[in-house]
Structures are given as structure tokens and as C-alpha cells.
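Naming follows writing order (A, B and C), and every chain is counted from residue 1.
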Amino acid sequence: MMGTAFGQEQDADYVSMVEAQGDAAYAFDFFTTSMLWTCIAAAMVFIMHLGFATLEAGLTQRKNTVNILFKNVWIISIGLLTYALMGFNTHYPVDSWQIPGILGINGPISGALGGGENDTFAYGGTALAMTAYGDFIFQAMFAATAATIVSGAVAERVKLTSFMIYSTILVAVGYTVAGSWHWGGGWLSSLSTPFKDFAGSTVVHGFGGAAALAAVLILGPRRGKFTAAGVKPILPHNLPLAAIGVFLLFFGWFGFNGGSVLSAAPGPLGLVFVTTALAAAAGALTSIFTAMIVLKKPDLSMALNGILAGLVSITAGADVVGPWQAVIMGAVGGILVVFSIIFFDKIKIDDPVGAISVHGVCGIWGTISLAFFNTEFSIVSQLIGVVGVYAFAFVFSFALFFIIKLIMGVRVDEEEEVAGLDVAEHGAPAYTE
Amino acid sequence: MMGTAFGQEQDADYVSMVEAQGDAAYAFDFFTTSMLWTCIAAAMVFIMHLGFATLEAGLTQRKNTVNILFKNVWIISIGLLTYALMGFNTHYPVDSWQIPGILGINGPISGALGGGENDTFAYGGTALAMTAYGDFIFQAMFAATAATIVSGAVAERVKLTSFMIYSTILVAVGYTVAGSWHWGGGWLSSLSTPFKDFAGSTVVHGFGGAAALAAVLILGPRRGKFTAAGVKPILPHNLPLAAIGVFLLFFGWFGFNGGSVLSAAPGPLGLVFVTTALAAAAGALTSIFTAMIVLKKPDLSMALNGILAGLVSITAGADVVGPWQAVIMGAVGGILVVFSIIFFDKIKIDDPVGAISVHGVCGIWGTISLAFFNTEFSIVSQLIGVVGVYAFAFVFSFALFFIIKLIMGVRVDEEEEVAGLDVAEHGAPAYTE
Amino acid sequence: MMGTAFGQEQDADYVSMVEAQGDAAYAFDFFTTSMLWTCIAAAMVFIMHLGFATLEAGLTQRKNTVNILFKNVWIISIGLLTYALMGFNTHYPVDSWQIPGILGINGPISGALGGGENDTFAYGGTALAMTAYGDFIFQAMFAATAATIVSGAVAERVKLTSFMIYSTILVAVGYTVAGSWHWGGGWLSSLSTPFKDFAGSTVVHGFGGAAALAAVLILGPRRGKFTAAGVKPILPHNLPLAAIGVFLLFFGWFGFNGGSVLSAAPGPLGLVFVTTALAAAAGALTSIFTAMIVLKKPDLSMALNGILAGLVSITAGADVVGPWQAVIMGAVGGILVVFSIIFFDKIKIDDPVGAISVHGVCGIWGTISLAFFNTEFSIVSQLIGVVGVYAFAFVFSFALFFIIKLIMGVRVDEEEEVAGLDVAEHGAPAYTE
């Protein structure tokens, strides 16, 4: 592909290209590696959306599979677009707050978000080793997650168009406003000891879990779940699909947490990979044993939810606790999730995939417990953050879903629910046999 | 694992290793990061083959699933091997053209493709920041794609051995010759304003789509699809499988487009990730709404094809348009694909997975439209490229498939088609129940 | 997100951060890239566990699917945790051997494994360009693989709790002790010509294959497989699931082999990606043709196992052979695997997924054949390594499984086997219809 002369000429070009960075040549290289990691991490977070889609589809009934997949295609797509249209600048209002530290609704990203300094380490400095486009795409992939969490909880009975409108507003406005309080420099980052939530146990998962609870309260349980004769389990239709989902979520979480290092700095990156993996493993094991004791059987769904419980539990503190602390945080999450799922069933709140327990309950645990293990953080600040974000998510979601209910309804009618949403809403079954 | 003394000794070794690069040490680091990205991107493009396999299997009938999976195992394997045997050196003939700029059929890669300068930035200079092996593996992963596109279009009725021969020659000769015109320094790169096709809307996807059209014309529709009573839809047998396929393709496309930056340069890399993601999202949304209007239902298959339509539409220009232009390009792609699929059904061209529409039609749109948005490029050159590559792909595929038809037939007999290829050709069903 | 002034200030911070590395700034950048690769490779090896889970589930019967998925969730979780509890320090005893070069059982990783020099290139020097946490997480992902291999071979009849205990001890003690002989500086690395096993054809795959053989001998075949009337094939219940598994394993293998370069050095990395891919492709093709000749049909399961055979065959020598040698090594592996699977069926050793053939038999071939192609290595040393590791794995596994059999039994009773383990052991089917 090249002769020696050609090669040598190219060498010179190469060196000049990097040397054009002057004294900053080393920094340019570090920045290049970090920005590459941001992009790869964004792709890994993207694949979590396939994880959610298959997990939710697998844990629900066969007749509602197309509907769930469709909602997940919708959410990632509308999530990315609204993040460009208003989410990014609302998440990070910089100087454009309408109510300082609390509300900064802003407009679309600029077509010239890239180019010039925004493509260099001038953009974010050492704290954010990525270009503006890198920052955008990584955060955009996060944004859709909140709505996806709700998708699982309202599955099998929500009206499609209502959910499409709800999820659009939730991801565009609700998530980004709550996120701005912490990541956008808002009031949670101005507490005397700032609220700490590394990759979003509260501002992503907790937000989604609390929003899901509100939506489920309005929506009511699936028909036939809570009968006079007691709770009737509705069996998951495809557990391999659910297992694919959880393994992909685990995989993607390395990008979710690892990318939140916001650079490729070797020390923090290694720590975050280890705490993430060990918390997930611990969550799986404790949920397995808890289910063996409580449910008297080795329950695959619980084991899968245990992995996710461990992951949510470590997400707030993955960079500030050690490996054994991560094991404890994940292990407690794995126990909590089993009891929480049983509890919500008992109080007749029907969450087909356990999303409120996994994301909502473990999000609280993860956010608060990091202050037990790392005394640089304040339990009070952590509590304030949890209460603030969960309350906002709950109220925002409740109000939004309630208004949609008034205007157009949020639930399919009985006939459609019994027939299944696939044929009723989409005119096609997921499987031919 | 090390004491302090050992550590210090190692430090010295480390620094000397990199310092051995002399003035080029910074450049060496940039090159290392870029080559790493090339390798990871190659792996991501590889996973697109699983995406194609599951998408095609999911969108077709249960009784032909083994056959489709088998063809996809075949294509990636033969694609990699023929690329080593002749593809790479035919794709990039350097000085070994038989007909300059048009045809340069060449032999196997050298067993010493690596080593010496080929393992350094002397290999490709600043424009191609990878070693020779990196260049090979990334391009080899692309090569098999063209044949995979055809695989979907001819599904459920093509004779296995005929397809094995056809796909081998298509990927080894057809794809690489067409590719040499653009990426190998051939005539398309010598137009007064050179033809622009960043990652292959035309030279990969368009090639595959045009080849598929030719093959389908020879092959004819599946029995029972176009009856006297009208078009009879043949339902996809497993939509979760199809959804897995599309999400994996979306994921892999970050490697496909992102790797085509040919380095880890932060500016272009971030831009390409953003344009790719936004075009896909826009394609999904417009195909959803178009299908709602035209087909009167929220159609999952169309939504999935809309994502792919957006991706194909941005592939030619992902590095030269801005985010909002990417949204427009993807959005138009998402509309086009719905009408195109309906159109091909209407003219009785049976493409079970919509491959001709997704790759062929959107490939044209993506390649030409980039010149609307970025005036550095010439619409005339873009048209010339599209016509040249599509015409060649169509004629090559038609001639090849026709010759195979004459020699050994290309279609299974009626009994096999009705029974399904899995049992008829492979002696085994895909599922036991 | 920043004004110019802010940007400039950040520039200065940035440069100082990297310049703080002094003369080692170039080396710091190389180390950063290498450590990033280690982390990404670890995530790719993680996804192999999803590959194993889906492959094993797909190749077995519908009624045992939950059981197989559960075992795979168990293995990755217990594998990660025991690697932290004792595996890592037993795998790499450094100065803490009880029997020098042979046995060094050690305790948990330190909570302070990160921080200080362990987060810098002082940790592993040029030979191991990662932090201590990077080293841990990459190796931890490997560890669980051995037990996963056994999981497939004992599928559909093993008692769950017995397997949970067996796999825990196998991965915590057996694998790490055998691994210490080669990677931990033990006796295999002290042979006059040291034993060469790049990424573990023998010490991972061979270990797992030999352990599986021992377990299967104790366990016996599935009921109804070997009848008076001859061998009765038990059909795989879901071949798309199996195909997903193999493609994910292929994808993950780029991390398995590529990460074993232990840095991002561009030369070796490119070579390893190419030899890995070509060996897999060659294995697929030869297994396809071998099956066509021997079994008289294009067999998808064999093609899939051929890919894995090629991958196992190149794993020992991926960094020391050229591309065409890789093709030969993979091609022979693809032939071997077909005959080996037939052979084990003939001698009535029932291995539902072909794990003993894929990992055990091809592991031998790959480990020994590299010495044919690269004369720096000694066939005698390779043989010693194979015999040593396989014998140990077989005896360890046999003894362990036998003791468990005496204490609590290892096989489900006939009624459970007929009913399927999903309902019998887990109280839930994998699919509702």
C-alpha cells in the first residue's frame, strides 16, 4: 500500500499533525483517547435500549410483544431527537436559566456544535475530556433511559398514542430539568456538601422509577392480576429474551458507568469497571438466595432483576467506593429488590417487569448508601437529592399522565387488553405460531 | 504484583519504549489510539452480521429460519476468507490495475502483511491511521455486507448451493471491483469533483441493493405472495428477533461510520456519531408516522426499516453534514422506505425483508442528497457514482445469477418451498415446537 | 458550554495534568490507551457469557431452558466474586506460593488494589499496560469461562444445587491453580522453552473441556439418548438462539484474544484481530464442508461449532502465527470438531452442545500446532503443558464431582428429567406457549 519513500513522507505529515498541538501534544493524545471512550461508551449505552426492549418483552405476555418493542423503538428515537431539539440545552443551561439552579428550558443544539474549540479540549477541560458532540451523544443516550423504565412498568395495558406523548414530554422536559439540578450545575450541586450521584442512581434510574410509580397508580393493574381469589401471577412469555436483555444491560452499564468517568483516566476507569461488575454479581447472588428462602425456588426472573438491582445500587457511587463496599452495596440491592417486588404485589401495584423496585427502590439505596462508605459525602445531601428528584419525577409524571388521561385516556379497553395489544393496536402478532 | 523497585524499573522501560519513537512519540500515541479504534470498529461491524442474520430470520417464515442463519454464517466466513485470498488487493490495487482505474484483480494478502513499516504510521499516514492488518480487518468486515443484503431479498426460495456460489463471487469479485473505483483510487475518485461516499451508502449498501434487485428479478416471488386475489402478506415469524437485528445493526453502524473516519480524530469522530444517531432516529419517526397515515397502523416492521433507512441515508455524508441536515436526510429516508416497500409489492417484486428499499433506494437518496447540503460536492459526480455502481452491481449480479441458473438452477422446487427450506435443505427445523 | 477565556484556562489545566507525568508523558498516553482497551476487552469477554448462555439454551431442549440460563447467571456472578475473594491472588501468587510454581492459594484482593502506583504503569510495566483493577477485571471475566464450558456439557440432567457448588469450586480453585502454572509464573513458564498459550487454548478452553469430560463421565448420558435401537438425536429447541450465541462469542473473542495483547500496541493488536477472524472463518467453512460430506447435509449446528472450533484453535497462537497459518489452524479445527462430535456420540459420551469437542479437542490442536508454524516454540513444551493442564482439570473435576455425588447426588431423578428441569427445579417454564 505504500513504498518506503511514500511512507517516510507520510511520517513527516503525521508528526506535524500532532506537533501542531504545540506544548499540548501530550494532552491532545490523552484527549483523543478520552473522546474515543466517550463515543464507544455512548454506543454501549445505546445497546442498553435493546436490553430494555428484550427484557420487557421477555417478562410480559406473548400477545403484547410487538407493542413493547415498538415503544422501545419510539423511545430511543424520540429521546435522541428531543435531546437535540431541547434536551441538551435544558439539561445543561449554562447561563440560560429561567429560574437559576431550578429551571432552564432551552432550545435546539446549534448546527455548529462541532468545529473550532468545541472539537478540542478547550470544550470541557480536564473535567470533561470530550468534544461538544461527544458530550451530546453520550448524554442523549442516557436521556431516553428514564422513559424506557416507565415503559416496562406500564406494559400490557397502556394506550400506545398516550404513551408516545407521555414519554416524549417526560424525556424532553422532565428528565432534563431534573438532571439540570445535578449535572447541569443546578441547586443540587450547590448544597454545602454537594449531592453526589456519579452516573445517575437517582437522576436517571430513580427518576424513571418514581415516574413509573406515578404512571402505574393512574393506570391501574392489568386485568386478572389481582383477583378476589388472590394475586394471579402472569407468566413471562420468553425468558431467554429476558436473559438477553439483562446481559446486554450489564454489558451496556460498563459504558453507562465507565463513560461517566468523562475521560479515559486509567485509575478511575479501572475502579468503576470493578465496582460495577462486583455489585452486579453480588446483587445476583443475594437475590438468588433470597428468592430460594422466600419463594422456595431458584427463580430466574429474580436472579435477573438481582443483577440490575446491583447495577442500580452502585451507579451513584461507582467511583468513590472500593470493591468490597461495592459488593455490599450490590448485595443489599439484590435482597431489597426481591422484597420490594413482593411488597408491590402485596399492595396491588402492578409492575410487570419490576421496574419500580429495580430502578426506584435500589436507586434510593445506592444514592444514600455511598455516604455510609465514603465520608466525604453527606447523608443529608444525599437524602435531599433523593427526595427532591423522586418527588419531582413523581409529581411531573403524575400530572402529565393524568392530563393525558383526561384528554384522551391512557388505557386500552378491556377487549383490546384481553386480545393483546399486538393485534389490537398494531394489527400484527409478534410470532406466527 | 510489583514492589516499588520493580515498579520503578518498569517505568524506565516504559518510557524508553515510547521514546524510541523519537520526535514521533506524540504521533505514535495518536496512531495507537486510532488503530485501537479501527480494531474495535471492525468488531462492531462484525456484529452487524448477527444483526442481518436475526433481522432476516425474524422477518421471514419460521420454516426457513435455519436456512437464513446458515447463509449468514456462510457469508461472513467466505467474505473474510475471500477478502484475504483476493478481495483486499482487488479492492485496493495500488499499482496493480489491469485496466487503470477500472479493474485490478489481484491475489492474496501477504503472510507478511504485518511487521516492519506496515505496523506503523508509515503504512497509511495521517489519512489512514492504522496498520496494514487494521486496514485489512476493517475492510474485510465491510465486504461481506453486500452479499448479506442480497441474502434477505432472496430468502425463502433460493437454492442453498446456488446462493453459496453466487455470494462467494459477488463478495470476492463484484463488491471489491466496484469498491476499487472509489476507495481503491479508481475512476470515481478521479472525477473533477471526486465522488463522495463516506462509508458506503452507494459502494456498500447501494451495491447490495442493486445486486439484490437483479437476483430477485431472476428468482421471482415466493409462491403464494402475488395471487389472482391480490397481494397476500406473508407474516414475519418472530419480531423480537427482527428487533434484535435492527438494534444490533444500529449499534454496529457506529463502527461502520465511525470507523470510516480512519482515525480517532476527535472532531470528525464526534460529528459522525451524532449524525449517524440522529439520522437513524429521524428515519424511525418518519417511517412510523408515514406508516400510521398510509397503512393506518403503527407498524413495527416499518419502524425497524425506518431506522435502517435513516442509517443508510446518512452513510455517504456522515462526516460532511451537520446534525440538523442529518435529521433531514434520515427523515426523508424513513418516508422513502415505506413508499418504496409498498411500490415494490405493487409491481410484484418480492423482497421479504425490504432490502432493496432500505439499501438500494435510500443509498441513492443518501449519496445524492449530501451534495444538497454541502456544496463542496457535485450533484453530477454523485449521480455518476450512483449510476456507475448501481448499474455495475445490477449487471454483474444479473449475469452471475443467470449463469448459475442455467448451470444448476437458483430456486428450490415447489415441494421444498412449501415444506420450508429448513427441513428440505438442512434436514432440521429451527424450533422443536 | 464554555467561552473562550474559560476554554483557555482549561487548556492550561489540561496540559499541566498530562505534563505532570514529566518525561513519562508519552508513556502515560500509551498507557491510558492500553488500559482503556483492557476495560473494553473485559466488557467484550463479559458478553461471551451471554453467548454461552444463549448457545447452550438454543442447542438443548425447550424444557430445560430456564435451568441453563440460571446456571449461566450463577457462573458469571460467582466467578466474578470468587475471583475477588481468592481467585486473583491464587492465579497470580507472586511471592505467596505454598508449593513454589505449583500451588499458591491466596486470599481476597485488597480494598486498596487501586490507588497510588497500582493505578499507573508502575503496576505492570510494558508487559502489562493496565492498572491493577484493569488486570483484575479482565482476568475475572476469563475465569468464569471454564465453568461455563462444563455447564453446556452437563446440561439437561445435572442437579442445580450440585452444579452450583461444583462450578464455584472449579472456578475459584481449579481454574486459578492451573492458570497460575502458566500465567502466574508457575512451572509451565519455567520450562526450558516456556509453554506458550497466548490467550488460553489450553489453560482456559482445554481446562474447561477436560473438566467437562470428567463431569459427563460421572453424570452419564441424558435418558433416551443412547437406546438399544441406536443413538437418538435430541433436537436443539431454538437455533436462532444458538446462532446469537455463536456470533456473540465470535465478537467477544476479539476481546478475549485482542485483550490478551495486554496493551494497545498496534502491531500485535492488528495481527491478533486478523488471525482470530480468519481462523474462525476457516473453521466455519471446513466444518460446513465436512458435515456436507459426512452427514450429507449443510448442518447449521456444525457450522456454528466450526466457528468456535476455529476460535479455540487460534487462541493459543494468535500472536505468533501469520494469517495463512491461522487459516490452516482454524480449518483443521473445523474438521476435527465434526469428527470429534461424531466420535463422542459413538462412544456414548453425551455432550449436548459439543463442548468437549470444541474446547477440549480443539484446545489440544491449537496449543500444539502453533509449534509447527512458529519454531520459536517447542512441541515438547506444548505437549507437557497440554498433558499437565488437561490431566489436572480432569482429575480435579472428577474428584470434586464425585465427592459431590457421594454427598448429595449430581443428577436429577428420572421424573424431573422427563418433565424438564424448568418446571421441576425452577417452578416456571421458559415460554408460556
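Methods note: a contact is a pair of C-beta atoms (placed from the backbone, for glycine too) under 8 Å apart; a residue touches a chain by one contact, two chains touch by 3 or more.
Note that the structure is a prediction, hence the values are computed from the model and not measured.
Q: List the interface residue numbers of chain A and of chain C, divide the shared ones by all numbers used, and answer same when the ratio is over half, different when under half.
A: different
Q: Please report how far chain B has to rotate so that its Cα atoms sit on those of chain C, a copy of the same sequence, as a value between 0 and 180° in steps of 5.
A: 120
Q: Could you put a whole-Å number on the gap between the CA centroids of chain A and chain C?
A: 30
Q: Name the residues of chain B that each touch 2 or more other chains.
A: 26, 29, 31, 33, 36, 40, 132, 238, 244
Q: Inside the complex, what are the residues of chain C that reach chain A?
A: Residue positions touching the partner: 1-2, 4, 6-11, 13-15, 17-19, 21, 25-26, 28-29, 31-33, 35-36, 39-40, 42-43, 46-47, 49-50, 53-54, 57, 65-66, 69-70, 72-74, 76-81, 84, 108-109, 111-115, 119-120, 130-134, 136-137, 140, 160, 238, 241, 244, 425-433.
Q: Within the complex, which stretch of chain A touches chain C?
A: Interface residues on the chain A side: 23-24, 26-27, 29-31, 33-34, 36-37, 40, 44, 61-62, 92, 94, 117-118, 121-126, 132, 135, 235-240, 243-244, 246-248, 250-251, 254-255, 258, 264-267, 269-271, 273-274, 277-278, 280-282, 284-285, 288, 297-301, 303-304, 307, 322-325, 327.
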